[in-house]
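Two complexes come next, and they have one chain in common, chain A, joined by chain B in the first and chain C in the second.
Here is the complex of A and B:
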């Protein structure tokens, strides 16, 4: 098991955001967290990447407890994240944004840089444009590409489809699939449950800080409760 | 914080702004020898600046060289230091004067009480300022934006009030007979302000070189990332806390150096030499000039230091006020100029291209001062549970 979250509780002040969430991600999988606003999806990702401290519970990576490790050290272990709202550095060019992803690396970057540009040809066309002047979809590409530059073993994606046109959403999801095929494990947070479930090996449904269901993605697509709550079905 | 609100004909500063922007673009593509030519030109300019014929219109009422040392040179030195904290790392520090005070007091105290060599006291003051920067930063740099500003503001006041109430360092009376620097290169540091001016220029040049080297290093890149998006910086593997602390310490060191040089000329310092308004003024200089861009910051500091002095001597103002001394209104005028500037050119006189991009993005950089402020694209409930 690559990543394991064991019964974590996270608080914002006195408000409990996560009330004992447990989940597992195996090497090579695409795992999704779906759920409504306020379910705790983003908080779960932030806790895994170290941006949020946890009150109790454990985060295990490769069997090692990393719950107390600072966020920047988890990056070096192999946890890469494309954050909520993309978090592109607006005053850096596309290329500088991507190179920030390799901040801690001392090895040769050309191959990885080429791979990102191959996955996102749009970025290659705009290497020297400021991140802040790119469109939403392009910024999402920067955020994912930048996370890839950290050479993650597991890639955490926080709502990559947020605010994007349907065409772009399809494109982003097919790229996620491609990234996974090339050997990166993916943990995906999505409100766009339909797309996310189609793509995922397994998925967890979160409700108000708890996991209420977990099953293979396609099973959840047919689950009547999930259909009613998240897929607009009957 | 959209910057493009005022454009075209409505903005009389647009042309000047375009000129500045053009100069910056030329600079970005300038060749190495062209750059060195500009550096040499700038230093030569700084060395002939105290000439009386320049002083005759820049400062008809007061001794021009003295004005160039304080406030102009001191403000520039302080602004370059604060720029490391505010402009490069994006941390809002409202108590910067505290480090200036620590540098000044260490020169005064160890010089008068223990008879230390002037340079030893300066170096010790710089070290002391760095240590206090770390002590202030360690608990407070976990805060962001407005909260950090409030704590640093408090720190500035604590230092001043402590000095006021500590008899060992003179209390409210301050310290008199602060020793001057020892003679150097055949220059004696006595009543003639010229040697102090050259010392100030040397310090500014040194600090600029240091600051530029930092900006271009890994440290500078980390600061830029922290300024633009702290969480994202952490996700890139940047130890954000450590680098924020470093920015605080380096800014403090430059503040301490400024204090040491100031005290070396001043002969006399007291707690009220270091009021809160000085912190605010230096911050205004940094923001007005274009935080993060050294030439801009220096221009801002120059304007902020020189304008109020110059307003004392404007004849037509004297006539307009019916013979009243315009110096009484100089701070009001100065405030008006600041408001005008921020309306017409909110990104500062000489912003870097990057800073412009940050500001136009909506939430980046100085706009939020590192705080988690919702921009047009983020959802209202950024901090809420998701």
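Here is the complex of A and C:
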């Protein structure tokens, strides 16, 4: 098991955001977290990447307890994240943004940079444009490409489809599939449950800080309760 | 009146550039810390003060019998600049460690940090007045302390009726060198990319493997170094200092940072020079006792029309 979250509780002040979430991600999988706004999806990702401290529970990566490890050190272990709202550095060019992903790396970057530009030809055309002047879809590409530059073993994607046009959403999802095919494990948080479930090996349904259901993606796609709650009820 | 102005315009311009260079160097520290932490580091003025006293002590220790010339002058200048930069840089790092980091760890609000900054400023002033200055100089800590002259006031060349002296050139050239160096560090090095990333989006920076603590420490070190150099240049030029020398100068430098667009390195530079020039030009009409009034009036007027300062962009958006 590559990543395991064991019964974590996370609080914002006195408010409990996560109430005992447990989940597992195996090497090579695409796993999704779906659920309504405020269910705790983003908080779960942020806790895994070390942006939020946990009150109790454990995050294990490759069997090692990383619950207390500072966020910037988790990147080096192989946890890459494209954050909610994309977090593109607005005053840096596309290329500088991508190089930020390699901030802690000392090895040769050319091959990885080429690969990101091959996955996102749009970025290759705009290497020297500032991140802050790019469209939402392009910023999403920067955020994913930048996370890939950290050479992650597991890639955490927070709402990659948010605010994008339907065509672009399809494109982003097929790129996620491609990234996974090339050997990167993916943990995906999505509001767009339909697309996410189609793509996922397994998925967890979150409600108000708890896991209420977990099953293979396609099974959840057919689950009447999930359909009613998250897929428009057909 | 106009005659006066024309007569004094060029000399005032030279004086304004000298003051402006020092404001700009100090302003860089305010603007960098603001860019990274969104904190107005009010104790930065004391970091500058510490720089002036470091130079004072060094100059007193080498006790020149006369102002230096040639290589000896360059050597002494480099010595006071390097030592003041080192001591001020170290003091700034220590300040962050003691006054700000514990609050950041606990997730304190920005207002709390601001109060801590004001407290640290007063603490350092009083610490110097009561303990350190008497110990260093053997004189009462609240007195003006004057320094020996290390650079002669020789006129190197004249522009119209303005005499440009050796000391003017030293201040301006040293300030320009430091600013170019800082600009390089921020825009061309890995540490610089870390600083810009932290300023633009701290959470995303962590996800890139940037240690925020480390970046904050380096930011204070760089800002403190600049203030230390400013302190050395100030002492060389004005030949005196006092425990609260940083107070008005610090507020002016902060004004310069806001005037240029806080968070923006080039804005701090521009704001410093503009402020130095305007207060010197204004003083021709109103007398030099009006300098401070002029400086702050300019600030209020500029902010009324351009609330984000002259260059407008902040460190989050700008390249530098």
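Miscellaneous remarks
Methods note: the second predicted complex is superposed on the first by the 233 of 234 C-alpha atoms of A that agree within 3 Å, B and C clash if a C-alpha of one lies under 4 Å from a C-alpha of the other, contacts with A are read in each partner's own complex, and residues count from 1 in each chain.
What we mean here is this: a contact is a pair of C-beta atoms (placed from the backbone, for glycine too) under 8 Å apart; a residue touches a chain by one contact, two chains touch by 3 or more.
Keep in mind that what you see is a predicted model, and the values were worked out from it rather than measured.
Clashing of chain B with chain C is the outcome of superposition onto chain A. When both complexes are overlaid on chain A, the residue A:50 reaches chain B and chain C alike. Shared-chain residue A:89: touches chain B and chain C both.
Shared-chain residue A:209: touches chain B; no touch with chain C.
In the superposition on chain A, A:28 makes contact with neither chain B nor chain C.
Looking at the shared chain after the overlay, A:166 reaches neither chain B nor chain C.
Between chain B and chain C, B touches the greater number of residues of chain A. Within the superposed three-chain model, A:39 lies in touch with chain B and out of touch with chain C [touch as defined at top]. On chain A, the patch touched by chain B and the patch touched by chain C overlap at residues 49-51, 70-73, 75-76, 80-81, 83, 87-92, 100-101, 103-104, 132, 146-147, 150. Of all residues in chain A, those touching chain C in their complex are 49-51, 70-73, 75-76, 80-81, 83, 87-92, 96, 99-101, 103-104, 132, 146-147, 150. Remark: chain A residues 12, 15, 17, 37-43, 49-51, 70-73, 75-76, 80-81, 83-85, 87-92, 100-101, 103-104, 130-133, 136, 146-147, 150, 163, 209 touch chain B in the complex.
Taken together, the chain C residues at the contact with chain A in this complex read 190, 193-194, 196-197, 200-201, 203-212, 313, 315-319. Against chain A, the residues of chain B that register as touching in their complex are 218, 221-222, 224-225, 228-229, 231-241, 354-355, 357-358, 360-361, 364-365, 377-379, 381-386.
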